[in-house]
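Pasting a structure below so you can have a look.
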Amino acid sequence: MIQNLFEVHEEVERRVERVPTGIIDDLIMGGIPKGSVVLLIGDPKSGKTTFISQFIHTQLTMGYSAIGILVDISRYEFVSNALDFGWDFMPYLEENFFVLDAYTQRLRGTPRFSFDEAVVTDITDTTQLIDAIKDVTLKILSEKNPPMITGVISSLTPIFFETDKKQIYKFLEDLKELAHRNKQVWLLEMNSGIEEPHVEMMVKAIVDGIIEMRLIEENMTLRRYLRVYGMRRTKHVLSWVPYEITESGIRLQV
Amino acid sequence: MIQNLFEVHEEVERRVERVPTGIIDDLIMGGIPKGSVVLLIGDPKSGKTTFISQFIHTQLTMGYSAIGILVDISRYEFVSNALDFGWDFMPYLEENFFVLDAYTQRLRGTPRFSFDEAVVTDITDTTQLIDAIKDVTLKILSEKNPPMITGVISSLTPIFFETDKKQIYKFLEDLKELAHRNKQVWLLEMNSGIEEPHVEMMVKAIVDGIIEMRLIEENMTLRRYLRVYGMRRTKHVLSWVPYEITESGIRLQV
Amino acid sequence: MIQNLFEVHEEVERRVERVPTGIIDDLIMGGIPKGSVVLLIGDPKSGKTTFISQFIHTQLTMGYSAIGILVDISRYEFVSNALDFGWDFMPYLEENFFVLDAYTQRLRGTPRFSFDEAVVTDITDTTQLIDAIKDVTLKILSEKNPPMITGVISSLTPIFFETDKKQIYKFLEDLKELAHRNKQVWLLEMNSGIEEPHVEMMVKAIVDGIIEMRLIEENMTLRRYLRVYGMRRTKHVLSWVPYEITESGIRLQV
Amino acid sequence: MIQNLFEVHEEVERRVERVPTGIIDDLIMGGIPKGSVVLLIGDPKSGKTTFISQFIHTQLTMGYSAIGILVDISRYEFVSNALDFGWDFMPYLEENFFVLDAYTQRLRGTPRFSFDEAVVTDITDTTQLIDAIKDVTLKILSEKNPPMITGVISSLTPIFFETDKKQIYKFLEDLKELAHRNKQVWLLEMNSGIEEPHVEMMVKAIVDGIIEMRLIEENMTLRRYLRVYGMRRTKHVLSWVPYEITESGIRLQV
Amino acid sequence: MIQNLFEVHEEVERRVERVPTGIIDDLIMGGIPKGSVVLLIGDPKSGKTTFISQFIHTQLTMGYSAIGILVDISRYEFVSNALDFGWDFMPYLEENFFVLDAYTQRLRGTPRFSFDEAVVTDITDTTQLIDAIKDVTLKILSEKNPPMITGVISSLTPIFFETDKKQIYKFLEDLKELAHRNKQVWLLEMNSGIEEPHVEMMVKAIVDGIIEMRLIEENMTLRRYLRVYGMRRTKHVLSWVPYEITESGIRLQV
Amino acid sequence: MIQNLFEVHEEVERRVERVPTGIIDDLIMGGIPKGSVVLLIGDPKSGKTTFISQFIHTQLTMGYSAIGILVDISRYEFVSNALDFGWDFMPYLEENFFVLDAYTQRLRGTPRFSFDEAVVTDITDTTQLIDAIKDVTLKILSEKNPPMITGVISSLTPIFFETDKKQIYKFLEDLKELAHRNKQVWLLEMNSGIEEPHVEMMVKAIVDGIIEMRLIEENMTLRRYLRVYGMRRTKHVLSWVPYEITESGIRLQV
């Protein structure tokens, strides 16, 4: 199984399998195609972290494994916030939800990981980061035989601070390569408006899918809208869909 | 009690407690969640300092302690301005309103603090500033047993002058870490339009809540509007709400 | 009296006294609060110099003293222009209108001041400039016992040419400190659109009040409008008010 | 035959022969003129790769040879994606569809080409790239006697990362020279909004034709539109034409 | 007479004398106030050179002397163009129209002036230029006793190429000083849109008057409009006034 | 005859002679004034090259001589393209149409000129270019006695790549000087949007005339429009005029 990680599946992929998100599946033929890197880009406070928690919870309850690279939120807070919506990650931690708490590590200087092997001393060193992701993937594959591994990065923002355009491109291509080869689904959170427009466009050009979350002002009031801008090998709705953040998470208003 | 300051509350936070603001509580389920850093961003002359004074006055009359980091207003003037609205801070000074008059210190070269320990020789040295904030917190905790500590920074503008994007991010993350761990509420004042747009977006992305104050021109006349753009773990109104600055402070016109 | 200049009025200011402008008093509760730095920002040719002359003339006829820092207009021209409106400053010169003709000094290389002590060799050296202003203030206080000292800077533009953002901030804070402590009113003229937008925003954020003068195009014709954007401790009209420049100065059309 | 590659056809070209695209031929008099470099520029996720696959499939089924320079997609994925639309490239690989998988080469460090000669060690070295293209052309000409050779570059984006304006211009001129002399049709994919506007304008100025693909928002919904902005020696429709991506590829809605 | 050039007229100017322009006098109380620097700013091809020729012709026929600093047009062409409108400058050359043909000098390397003394080796050396202007003024005053000297610079554009903001400011202040002291009227031609906006704003802030010439598109057609944006000590029309360029020059359509 | 080239025609030009364009003569009093440099600026694919070919064909059929500086199109292609419209340049080559094929020279490294003397080793060396233009002019004058010499540069874009603002200005002034002195008409092609706006404005300010060609979007369709923005000593239509590119060239739709 493990040696497949770096082996090239040269046989052509004829069938598209999908991973349900628990949120937008009605918009995208039931789920995200396996082997996809999807950008989740949106305004501050639009609910991106809630989307990610809801997505992971959906994976875990299906018996899938999940990797969480937490860059600007601590594991403690990520887990606490999820509880507001009734999603309890605690039973899954150390089991099949593998969290790399890069946030706490960055702030306190001491690594506190769910798995000992993965140490990322500098989050802006994208080579190190991609290696850590590969290591976790290998570790999961060597210990378990999961039907599916999904991953999230929350968020890309601090990673991109001292990283130039070309390095960002390389990192995303490497992650895409990994995801495609291992049929993983990765969800990458990104704040809109912090990076320069051409960097945002570049990231959008590389990824396999784009989900946008916005707070749009209508008659002096903000309304929440979500859109699937694009999704590889998926026929999807192209409209802005209003949504609410309810006690049980994001609910589309269709 | 004190050792808790740096101890990690790893148990999950299940309940949201709130601190009333005295101004916008009807919009945000009664108050700001304990353990929040909230950005108060707005146009010049929109009444940000009045908002902050009114907020602190509300805390003090509830018996809470407050920390005031004054960066571009002197303690003398801050106290005088508040009197216009009938808020007398003098009985609270040296008692449970702890002011770090960084303004006077900067301008006159001599430190004049409410407490001797805190000396900030360079306001743009954000490491020093975060240390001073920690020291004051420790001092309050060691001498009193306050039900709640809130803090304000008025304003971030001079702090950001010679500070690069990455340092600003680190400072805000450190403050957020402190606030979250000690269940403090911090209100950070910032002038809109002075920092570059992507820096404003970054600050908005990090904080737990955003309150906007604007002077919007309608038919050749300015009108004051306030909006809660986002607030962690809080269902809130998303509209611009008009307000007036009356003799007793900010009053929403709802 | 003199030692008060640098002594801190730590007692709280409970009452707001106002200085009439002779122009916009109906809009601002009768005048500008004593102890204020007010920005007069506007389009070229909107009548900013006329506003300043009219303001000074109002002060002088009330028996107040005035300091005029002329940076981009000579004393000769300033006095001549005022005569067009019937305001004769000549009897007041050397008496209680103290002019620092930095314009002539800059252009001709020889200092020609109303008072010998004040020499500003480089107008962009804001430390020197603030010292000169303090010296003049001291001189007036030592020789006279004026009920009120007001000041104008006409204009900030050449001062800001080689001055970085942080220095400008420091200069304005120092001037504000001086004005607040000595209950002076300072009117600072600034051309809109020459400085970068964030510098304009920063100046607006520091000052105690903002008066805007604009030439707005309506149906292919320019019309003059004035607005009080903000004024510390003052309830004021927030509308654009049309005005004309008549033979007796600026007259609001309300 | 081979020596013609670099020989100048000084006799004047009097007739325009066209290559059908299988997509937009009704808009452009039946096809792209032989000897053209055409820019395919568009929004992310607008279907540029699908356009290119459909174009190549059309060439191959007509018995033409095709060169594919894959820069940001692997050969494996390119072939897989095409299968979704029923286009099976596998029988043509190694026969008359010559793929330079610069993507895999870049990411894995090992060259994996359909032909051994072409090695591009650095994709941003445009001189090397143009040489590789010439080599492939020569190879095809020496081994076969194809009625027509077309080429695609998918996409220009990573090539332009470290390449300055002047080098880009030179590369495009060289490619145009090659295409014109050998009557090849080249389709160049480019993401809009990543390069600076003046670079986009420059590329548009050099190429012989421009096809634009956009996602335009109408009433909160994205719609796909395609336009032929210009095409050398071709009378063409100048309107935005709506299109859909169906199970059998791009279909104009005319 | 001559010594007056550098002597300060400290007595106050009580009366405004005006110089007719022959073009816009109905808009500006009969003419431009003596002792003014007026900016003539406009779109390319709006007729700025025609305005300047018409202005000079008006001066010369009144018996006034005129100085022409030609920077981007040769004397030969300036004189030829004027003939189209029936204005023959040839009788006045060497008499009371003093032309510094800096254009020919720049292009051919040899100075060809109406007066030998004035040599400007580098047009961007604004110190040298202001000295040349002073020398010509002195020469005219020493040889003649003209009722009035007016001057034009056509145009500022090449002068500003390698000149920084502060130097430009100094040059304009020096010229204004000279014009004010000697009651000269100077008309400065400038192309809009070549300098950065804040430089345009700065020039507008310094000069005593601003005349704008624009080609405004209305219903797919350009129309010519002229406006007096501001004029020192002059009550003037604030509207855009349409004009035509007829066989006898610029004619307002009022 | 030859010595006149550098001799100054100091006698004033009283009559305007015109050169017909064959395209827009109805808009400009019959033609472009002799001794003019005219900018032809427009969108990519708007038909600028067709305009230039049509202009040259008009000159040649009138018996005039023409100089073609081809910078981004080869002589071969220029001639081929023209044939589409029925304009056969071949009989004129080596006779009175003198082509400097700087394009082929640049791309192949070997100079291929119609005349041997003119070698331009670096197209961005504007001094060398202006010398080559002078040499060709001299050669034509020494061998023939043409009633008129016109010239085109197609296009300015690659020349401006490494040329700074001041050098561009100098080159255009030199060319204008040459054109004016020898009564030549030069048509300069330029792509809009590649140079920075202030460079475009500067070029527009220097030239004697401006012809604009645009593709304007109306109701989701592009339409072709042409406008004479300005023309020295010419009363011209100021409207956008629609045009079509027909089998016999550009035809205005008036």
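When the chains are written out, they are named A, B, C, D, E and F in that same order, and each has its own residue count from 1.
The working rule: a contact is a pair of C-beta atoms (placed from the backbone, for glycine too) under 8 Å apart; a residue touches a chain by one contact, two chains touch by 3 or more.
Worth saying up front: this structure is predicted, and the values here are computed from it rather than measured.
*Asks:* Are the two sides of the subunit D and subunit F contact the same residues or different ones, given that same means over half of the numbers occur on both copies?
*Replies:* Mostly different residues form this interface, as fewer than half of the numbers used are common to both chains.
*Asks:* Using just the Cα atoms, superpose subunit E onto subunit F and tell me the rotation angle to the nearest 5°.
*Replies:* Roughly 60 degrees of rotation.
*Asks:* What whole-number Å value describes the gap between the mean CA coordinates of subunit A and subunit F?
*Replies:* 56
*Asks:* So, what's the distance in Å between the C-alpha centres of subunit D and subunit C?
*Replies:* 65
*Asks:* Any chance you could list the residues of subunit A touching two or more other chains?
*Replies:* There are none in subunit A.
*Asks:* For the protein chains shown, what form does their contact graph take: line, ring, star, complete or other?
*Replies:* Its topology is that of a ring.
*Asks:* Moving around the ring in the sense set by going from subunit A to subunit D, list every chain once.
*Replies:* A, D, F, E, C, B
*Asks:* Within their complex, state which residues of subunit F touch subunit E.
*Replies:* Those in contact with subunit E are residues 8-10, 12-14, 16, 165-166, 169, 173-174, 177, 180, 197-198, 201-202, 204-206, 209-210, 225, 227, 229-233, 235, 238-240.
*Asks:* Would you pull the subunit D residues touching subunit A in the complex into a rising list?
*Replies:* 44-46, 72, 74, 76-77, 79-81, 83-84, 90, 103, 106-107, 157-158, 161-162, 191-196, 215, 220-223, 245
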